[in-house]
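Both of the next two complexes hold chain A, though its partner changes from chain B to chain C.
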Partner chain A sequence: MSAITSETARRRTIRAPYLLLIPAIAILLLGLGYPVIWQIVTSLQQYGLAQQFGKPAPFVGLDNYAALASNADLWWVVLRSLLFCIVTALLTLAVGSLLALLMAAVSKAAKVILQIALLLAWAMPVVAAMTVWIWLFDRRRGVVNYLLDMIPGVEMNRFDWLAQPSTFFLVASIIVIWMSVPFVAFSIYAGLTQVSDEVLEAAQLDGANGWQRFWFIIAPMIRPVIAIVLLLQLIWDLRVFTQITMLKDAGSKSGDFDLLGTYVYQLGTSAQNFGMASAVSILVLAITIALSWFYIRSLLKEDAA
Partner chain B sequence: MRKALLSTLAIVIALIWVFPVYWMVSSSFIPTIQLQSFIPTFFPAPATISNYVGTLADGSFVSALGMSLAITLTVVFFCIIFAFLAAVAISRFRFRGRTSFVIAVLVVQMLPAEGLFIAQYKMVSSVGLLDSVIGVSVIYIAAVVPFTIWMLRGFVAGVPADLEEAAMVDGLSRFGAFMRITFPLLAPGLVASGVYAFLQAWNEFTVALVLLPSESAHTLPLWLRGFVQASATRETDWGQVMAASTLVAVPVIIFFLIVQGRLTSGLVSGAVKG
Partner chain C sequence: MNRKFGVVAAATAALLVLGGCASTDTPAADEGGTDITLWLMGGDTPDTLRDYLKTEYAEATGGTLTIEQQDWSDALSKLTTALPDAENTPDVVEIGNTWSPTFTNVGAFSDISDLHEELGGDKLLPSFVEVGKVDGANYAEPYYFGSRYIFYRKDVWAAAGLTVPTTLEEFNESVATLKTAGQSGFYLGGEDWRNGVSWIFANGGDLAKKDGDTWKSSLSDPKTIAGLEQLQALFADASLAPVTEADSTPWVNINNNAATGAPEAATIIAPGWAHWSIGDLTPDPKDATKTVATWNDDTFGAFVLPGVDGGAAPVFAGGSNIAISAASKNQSASRELLKIIFSEEYQTLLGQNGLGPANLDYASALGDDQFATALVESAAGSKLTPAAQGWAAVEGSHLLEEFFGKVNGGGDIEALAAEYDAKIDEIING
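Up next is the complex of A and B:
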């Protein structure tokens, strides 16, 4: 009798975790799983304007991907996106690390002031931040042109920052760096505070100078944090749809200003070519997952601990 | 001496960094005529609320606020429940498929909206839920639940199972022990994940742009963008745009300051702990 009750109890505990997971799995399948599968299927079909009006979509195998591979426009967009992403992420990491080291070196009051400033910038909703920055770079009444004009010998002549791709992406990069540095600075600073003072003092007694202490003790200890933070920045800087969309609103609608996100949006909305848009989307997902793998592995390590 | 110099540098950098935020709030209180001058006004000396009055005049803000609130509250409510149940499953039980589930959660949380919105648009429009709270909420919950599970998992694991077992020895059922002992200890974690879900849903732009095409269904970020676009056709009324931006940003900044610490440690804890 008692053996039977404990047997049912055991079975119930084994079933419990699966029951608890049902809602989460159901919503993930609905909101992400189905779209991913639809996208894979559609990327293998010819799915254009005619299919929007109910014409069945014929399977074309890898034709969309072949068309993409030979599409020079797309390669420019991919190249531009990767370049933008890598340059911006590295600059963010550099500035963030310097600010973290600065936080560790300055007086308590200065540190708190810097941290509050960074927190406020970090907290700004992207869309609100974009409107302010667009105004700061406004050609006629923007503060940036006004301040640059004050430098002797510099004549901005109401320079339009968003009119050509080079300065457009420079502005985009400045804004993204401004938004992302706080997270990097706080994460690396948290890593720095883990380095024990005793070890540093011992090294100092043994005659290590400031640079040596940084290079041989601090740097190796914060290397894992830097790796993770850089990886997250690379992934996040690929998804700058909001920023580029808002800057294009204020500047030019031309395709020369597109990055991957806005390019897919154009394909899907203006060109109504869902087959191609899906194929590019799959490319975006593949790049992201490839980049994420290392990050996911490090989180799993923590889960196992 | 060196410390004083570096401290000054830190304060200068702080001022540069906070300037855009200051500029938004400050300009929102400056009269339009003064903003149209080619010489910037750096301090709202005669402050005015006329920009706010102008911004709120046509009622579109209230409509967008209502939409944002409806979506955000739906997302927070379901997200917390779903994530809590899943977090209990993965941190209190060892079962077949657990590792696969954890990996799946970590992978899907990285999926960018930029790589999915075309398919999500087709899915939601095919069931006639464009411009509705339900359609966009389903996508948001799916996007936010993975990281919320990950965040809560740490909190659930932080409550020792011994406490629960002690309560069960004292005669409570497993469920009773959980509700009386573990649940109250989890409150800070639930609040933190709720605020995280709130921020994500409140600020989201990409998916909303695709799934909420009608102006009457716009959320606050879309409203703000539309506001900028509308004022771009004539001379941009930056005073009103800044007032609108301030209205959108203030609740977010307040909530953000509450959860900031947890967000940083949640994202990089694996690295810090080694």
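Up next is the complex of A and C:
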């Protein structure tokens, strides 16, 4: 009798966590699973405007993937996007870390001012911020050209920042860094507050200078924070879209200025080739997973240890 | 017990959240007519005309007409996603004339052949009616036509001792001599193919040609190449515009710059209605941050882009078609709106505002001033882009902007033409 009761009780306790998971899994499946499955299916179809308006979509197997594998334009876009996301994410991390160290070092009043400034940048709607940035870099009346032009020997009057891919992506990178630095700075600052003063004091007594204290004590202690922040930045910067779209609207329509986000959008909704666009977005998903794979594995290892 | 209750509560909450998305809107207005939505492209239709449509629609049906303005630059994307969806489609929609073949062929619009006679029949602009037809049935009707002609600074031209050119070559030479460090002789963006294509047309070239049932991009055609060579030289010799500029507002360049008191361009090409934005600038009495332009015949003038052997060069025929979305639930109310749009009063209003009325019987409403004359003269020889099924995809992929930008950037025309012929051929037939 008592054996049976305890058996039921155990079964109940085992079942409950799974039941608790159901709503979360259901929401994930509906919210994420459906679009991903639709995308995989569409990437195997010939899906154009006619299909969008109700014609049946013929399955073409891996034709879309074969076409994108031999598309040189696409691989340039992939290369550009990877380069852009790695450089931008690393610079964001560097600037964010420096600001976090500054926040930890300065007086309370200065810290509050710094935090408010960062929060304002973080809270600014992207479209509003982009409009201002585009004005700043305007060819004719932009403040940037105006100020640079005042430096003797520098001829920047009417310099068109958005006319060549090199300066276009420089501007894009500056804007993206400006927008994401607050998040990095706050996360790392939160990590810094967890580093105990006793350890640092002990190190100081042992004769470690500032750089050594940072590199050998602080950095290893906040490594998990840095790892996750860098991973998130890499993923966000890989799928950057709004900033590139708005800069392209202000500059060129040419594909030389595309990153993966705008390339997929253009291929799908503007050139009406949804099959190919889906295939490219599956490729983006694969790249994202590949990028994050090492991090996730090392995070899991750390958890296990 | 508590835990179980928690599970049930969480599950219920999740269901409520999910269920919330599925609630349907109750159909609006059982009294007082049907409410419909009209999409207009860009700011071409002036406010007075919009107000007229709203008032007339309310009077005729008792319903409310909502007008939503879409940006030309991302209209294709919005049409592609909204039109098939019965819940979100606009009921009546203005589309660029060159997109008509694409959307009519895939069945985006309702067949309105039975209404065609009542809307104007044979009196409607034939080339625009043609692009809105599939297998003899009418799906999209003309909305208005426009065309592009040249605006120039009489003072600047006169100071250089130049007169209105009579051939295209003379035009190219004149504007080249007018270029200075701070002033374009002729302001033209490098990626601006809708204006640049006039030089191709003028030399007898085309963007694409129909061979049997299929379209083929014809950028490598010797006549097209000849036009592109002229355009490349013109851009280098006469324009200070960025090579990456496509759709722009060139009239800001021909007006005096507030800072310097001089224009940034001696000559521009623009749609006819641009003349409302050209002239001597004075502060807007209603809004101190804006200015109003008053046309001044002593300073500004207009002429039609001359052809290779004189006469008028064929320019890109601007304008729009209008159609009822096939997915719309308000078909009969939408037909009422079309009747208002094709009424004598509205067609006359279009003409009075400088837009070529769809019904040519009312073309006289354009008046007989220099703008009306230039509009009619340039529209007479104007050309439409290829009526290929995949043309909207060609425009949407921005291949032409890319191609013209590279040509005007000083690229090798023949190599580029071959490259982009191949790219366009892949999508032009849908």
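By our rule, the second predicted complex is superposed on the first by the 248 of 305 C-alpha atoms of A that agree within 3 Å, B and C clash if a C-alpha of one lies under 4 Å from a C-alpha of the other, contacts with A are read in each partner's own complex, and residues count from 1 in each chain.
Methods note: a contact is a pair of C-beta atoms (placed from the backbone, for glycine too) under 8 Å apart; a residue touches a chain by one contact, two chains touch by 3 or more.
All values derive from a computational prediction rather than experimental measurement.
Chemist: Figure out whether A:Leu148 sits in contact with chain B (first) or chain C (second), or with both, or with neither.
Modeler: Neither: A:Leu148 stays clear of chain B and chain C.
Chemist: For A:Ser252, is the partner it touches chain B (first), chain C (second), both, or none of the two (neither)?
Modeler: Only chain C is touched by A:Ser252; chain B is not.
Chemist: Specify the partner with more touching residues on chain A, choosing between chain B and chain C.
Modeler: B
Chemist: With both complexes superposed on chain A, which partner does A:Ala66 reach: first (chain B), second (chain C), both or neither?
Modeler: A:Ala66 sits against neither chain B nor chain C.
Chemist: After lining up the shared chain so the two structures overlap, which partner does A:Leu170 touch, if you call chain B first and chain C second: first, second, both or neither?
Modeler: Neither: A:Leu170 stays clear of chain B and chain C.
Chemist: Given the touch rule stated above, what does A:Ala202 touch, chain B (first), chain C (second), both, or neither?
Modeler: After superposition on chain A, A:Ala202 lies in contact with neither partner.
Chemist: Now for A:Ala94: first (chain B), second (chain C), both, or neither, which partner does it touch?
Modeler: Neither partner.
Chemist: Which holds for A:Ile27: it touches chain B only (first), chain C only (second), both, or neither?
Modeler: both
Chemist: What is the contact status of A:Ala271 with respect to chain B (first) and chain C (second): first, second, both, or neither?
Modeler: Touch status of A:Ala271: second partner only.
Chemist: With both complexes superposed on chain A, which partner does A:Ala50 reach: first (chain B), second (chain C), both or neither?
Modeler: In the superposition, A:Ala50 touches chain C alone.
Chemist: Between chain B and chain C, which residues of chain A are contacted by each of them?
Modeler: The overlap between the chain B and chain C interfaces on chain A comprises residues 16, 20, 23, 27, 30, 249, 265, 267.
Chemist: Using the touch definition up top, name the residues of chain C that touch chain A in the complex.
Modeler: 3-4, 6-7, 10-11, 13-14, 17-18, 73-74, 76-77, 80-81, 83-84, 102-103, 105-108, 191, 242-244, 246, 326, 392-393, 396-398, 401-402, 405-406, 427, 430
Chemist: If we count contacts the way the header does, which residues on chain B are in touch with chain A in the complex?
Modeler: 3-4, 6-11, 13-15, 17-18, 20-21, 23-24, 27, 35-40, 78, 81-83, 85-86, 88-90, 92-93, 95, 98-99, 101-104, 106-108, 110-123, 138-143, 145-146, 149-150, 153, 202-203, 205-206, 209-210, 221, 224-225, 228-229, 232, 236, 238, 241-242, 244-246, 248-249, 252-253, 256-257, 260, 264-265, 267-274
Chemist: Quick check: in the complex, which residue numbers of chain A touch chain B?
Modeler: Listed in rising order, the residues are 13-14, 16-18, 20-21, 23-25, 27-28, 30-32, 34-36, 38-39, 42, 99, 102-103, 105-107, 109-111, 113-114, 116-129, 131-136, 138, 140-141, 143, 146, 178, 181-183, 186-187, 190-191, 194, 224-225, 227-229, 232, 235, 238-239, 241-242, 245-246, 249-250, 260-261, 264-265, 267-268, 274, 277-278, 281-282, 284-285, 288-289, 292, 295-296, 298-303, 305.
Chemist: So in the complex, which bits of chain A are touching chain C?
Modeler: It comes out as residues 16, 19-20, 22-23, 26-27, 30, 48-50, 52-55, 139, 160, 162-163, 249, 251-256, 265-267, 269-273.
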